[in-house]
Amino acid sequence: MKVCRKANFNAAHRLYRPDWSDEKNNEVFGKCNNYNFHGHNYKLEVWIDGPIDPETGYVIDLKILKGIIKEEVIERFDHRNLNIDCPEFKNLIPTAEHISMVCYNLLRAKLDSKYDLSIKLWETENNVVVYEGV
Amino acid sequence: MKVCRKANFNAAHRLYRPDWSDEKNNEVFGKCNNYNFHGHNYKLEVWIDGPIDPETGYVIDLKILKGIIKEEVIERFDHRNLNIDCPEFKNLIPTAEHISMVCYNLLRAKLDSKYDLSIKLWETENNVVVYEGV
Amino acid sequence: MKVCRKANFNAAHRLYRPDWSDEKNNEVFGKCNNYNFHGHNYKLEVWIDGPIDPETGYVIDLKILKGIIKEEVIERFDHRNLNIDCPEFKNLIPTAEHISMVCYNLLRAKLDSKYDLSIKLWETENNVVVYEGV
Amino acid sequence: MKVCRKANFNAAHRLYRPDWSDEKNNEVFGKCNNYNFHGHNYKLEVWIDGPIDPETGYVIDLKILKGIIKEEVIERFDHRNLNIDCPEFKNLIPTAEHISMVCYNLLRAKLDSKYDLSIKLWETENNVVVYEGV
Amino acid sequence: MKVCRKANFNAAHRLYRPDWSDEKNNEVFGKCNNYNFHGHNYKLEVWIDGPIDPETGYVIDLKILKGIIKEEVIERFDHRNLNIDCPEFKNLIPTAEHISMVCYNLLRAKLDSKYDLSIKLWETENNVVVYEGV
Amino acid sequence: MKVCRKANFNAAHRLYRPDWSDEKNNEVFGKCNNYNFHGHNYKLEVWIDGPIDPETGYVIDLKILKGIIKEEVIERFDHRNLNIDCPEFKNLIPTAEHISMVCYNLLRAKLDSKYDLSIKLWETENNVVVYEGV
């Protein structure tokens, strides 16, 4: 049985590698390399896979999961500049792939090992990633 | 190949255990334990996994699946109080997890064994469950 | 300039008139007259029409509007039975039309008279009402 | 890690078998057998599963994937009559199942073998198919 | 007080004028002029503006409105070719503007004159029209 | 008759007044005052009100409107930092209200005076503004 809780955060970011020339960064990252950043409304789906607790009929209390997501993800990334304000992306390009991986790791550390976790992250209405761990 | 048909039903419910005190019920189920019920617009996705019929190009005729969903799920739960009107939840807390499990069992009994079945149920825009059987 | 803030509440209700026979209630309100209630995820859009404050560039601070909506509407109706728990509907059938009117009056009383107010309420994905006062 | 790019195309189609009588076609395909065609706004999700490129932080550059989808799917099917204009459906009934299979094959041929591919196709808001290859 | 009921229909169409050359038709209507038609999932919102009936708390019973929409619009246009199957468009180019106008006239004839009517029609997710009569 | 074309742009911004103290900026603009910016996926609806052209059945050719929106709005603001990259907001706080007003003025200048124009701008799923000119 899988259950999902959704959340949103709004952040600025820029995709580039400091060890590449401007030409190379523009060629690979295009307008996502805008020097002064751009931003997105990220939509996050946190999926938990586990057994139903026979006492409550819940896989996990979604109010509790909502609190963990708020503390670990939303308060960290919402209304922030991922490149400058967030040490998680100091040496990691904040692509949707990497952001979902970071969210996965932050949430994985707070969840009982009996649960499997997967992350779905919408960067725009047309671009989505899913990460389920390694 | 998987195919999906969606449907909706609107129902009242209350989450609580009669063998627990009010304090315990409030602690675990919070406002979902409101004594006089509350309600939701449930959105249901019924997913069928099976081979394509080479004659029709269909996995299953979705008009037929729509009819089965209507008869087995919608007419049973739509505009009902799950706790009082529906014997399926007489001894089963009507969490989204349990509702999806009941829908799965009702539909599984009407579908050819060549099909795999899974159920996705949205209780709210932010809370979703998926059940694929055991 | 109009600005809108959205919110959601989940509630149970029943449409009927105690002064009508069961037959008349069923004829007019159909399955919405289910004796033990049913429920909905109501989506609310609160629209404010007014001048832009030249100091802030806001018509109204939506954080403040969000707080007013929470206090006046969400805490009053969310996870409640509108017929039983809410005195506003003691003598008023809780149709979407009446719910939007009640929300309008509750919010109107808390908003500066320089603002025009209108309420859009989604009872289901297919049924919507708009109320703009008299 | 899975990434998805969405696209849309609007097309006319008709479901029928020329080797069946009108009665049989109507019985099986119902109003989808309308002689003069009907149409849909198809929504396509193209999902790519593969490793993250450590240089870019991308599984695949979605701008490049967008271009492949445009060339292989959108320019072929958008604003077309699938039965008449598209040789892919000369001998294949254009059900959602078959359309997703054709899209899969067209895209599979243009993608590096290190990627797994799956196709999600919405024919209407209520009817969806997923094809992941054989 | 305004109330809305939504509905959907899926149809094929082609935009062109028989009194224009192919070049002129292509120049003005572009790919919408595809000779063998294309199609859309049209989403229709029917908005009724009128007083609340003090007996029922309804502006209009949306079950009744749903029936009128089904009879007047859905059964006429769903799974049809607007240009060939529908006499309403024999001498009228089936643009979204004209379709909404035809829906307006069909529904206006069935509604009490105490109601104002307006039609919102989505041809695609990005193209919408609203018609409120003359 | 009103017609609408939708578009999207993704941008970074920060709400603050340089003539206010940090305390005042934080008090009024809260986390929207984050020093290093945050960002949004803005959704834009451009509504044109005008007569139907009897020749084409269009109020305005939406392909042409799409081009104007692209040139005037998307290429100017997409993947940009509104505060730094866009002179329009050099002396104007980039609230949703002001952004919609700037879009209105840019588009108004390119549209025939026979059309009325209005702008609907979604900053997030829950915050929306509408501007119809003065």
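Here the chain labels run A, B, C, D, E and F in written order, and each chain numbers its own residues starting at 1.
Going forward, a contact is a pair of C-beta atoms (placed from the backbone, for glycine too) under 8 Å apart; a residue touches a chain by one contact, two chains touch by 3 or more.
None of these values were measured; they are calculated from a predicted model.
Engineer: What are the mutual neighbours of chain E and chain F in this structure?
Structural biologist: For chain E paired with chain F, the chains in contact with each are C, in label order.
Engineer: Where each step is a move between two chains that touch, what is the least number of such steps from chain D to chain F?
Structural biologist: When the steps are counted carefully, the minimum from chain D to chain F is 2.
Engineer: Along touching chains only, what is the step distance from chain B to chain F?
Structural biologist: Tracing touching chains, the least step count from chain B to chain F comes to 2.
Engineer: Please work out the Cα centroid separation of chain C and chain E, and write it as a whole number of Å.
Structural biologist: Chain centroid spacing, chain C to chain E, equals 29 Å.
Engineer: Just the number, please: Cα centre separation of chain A and chain C in whole Å.
Structural biologist: The answer is 34 Å.
Engineer: Which chain A residues sit where two or more other chains touch them?
Structural biologist: 125, in rising order.
Engineer: Among the chains present, which pairs are found to touch?
Structural biologist: A-B, A-D, A-F, B-C, B-D, C-E, C-F, D-E, E-F
Engineer: With touch defined as at the start, can you tell me which chain A residues reach chain F in the complex?
Structural biologist: 8, 10-13, 31-32, 34, 36-41, 78-81, 84-85, 124-125
Engineer: Mind pulling up the chain E residues that touch chain F in the complex?
Structural biologist: Residues of chain E touching chain F: 15, 17, 28-30, 92-98, 100-101, 125-131.
Engineer: What residues on chain C touch chain F, complex-wise?
Structural biologist: 1-7, 45, 52, 55-59, 61-63
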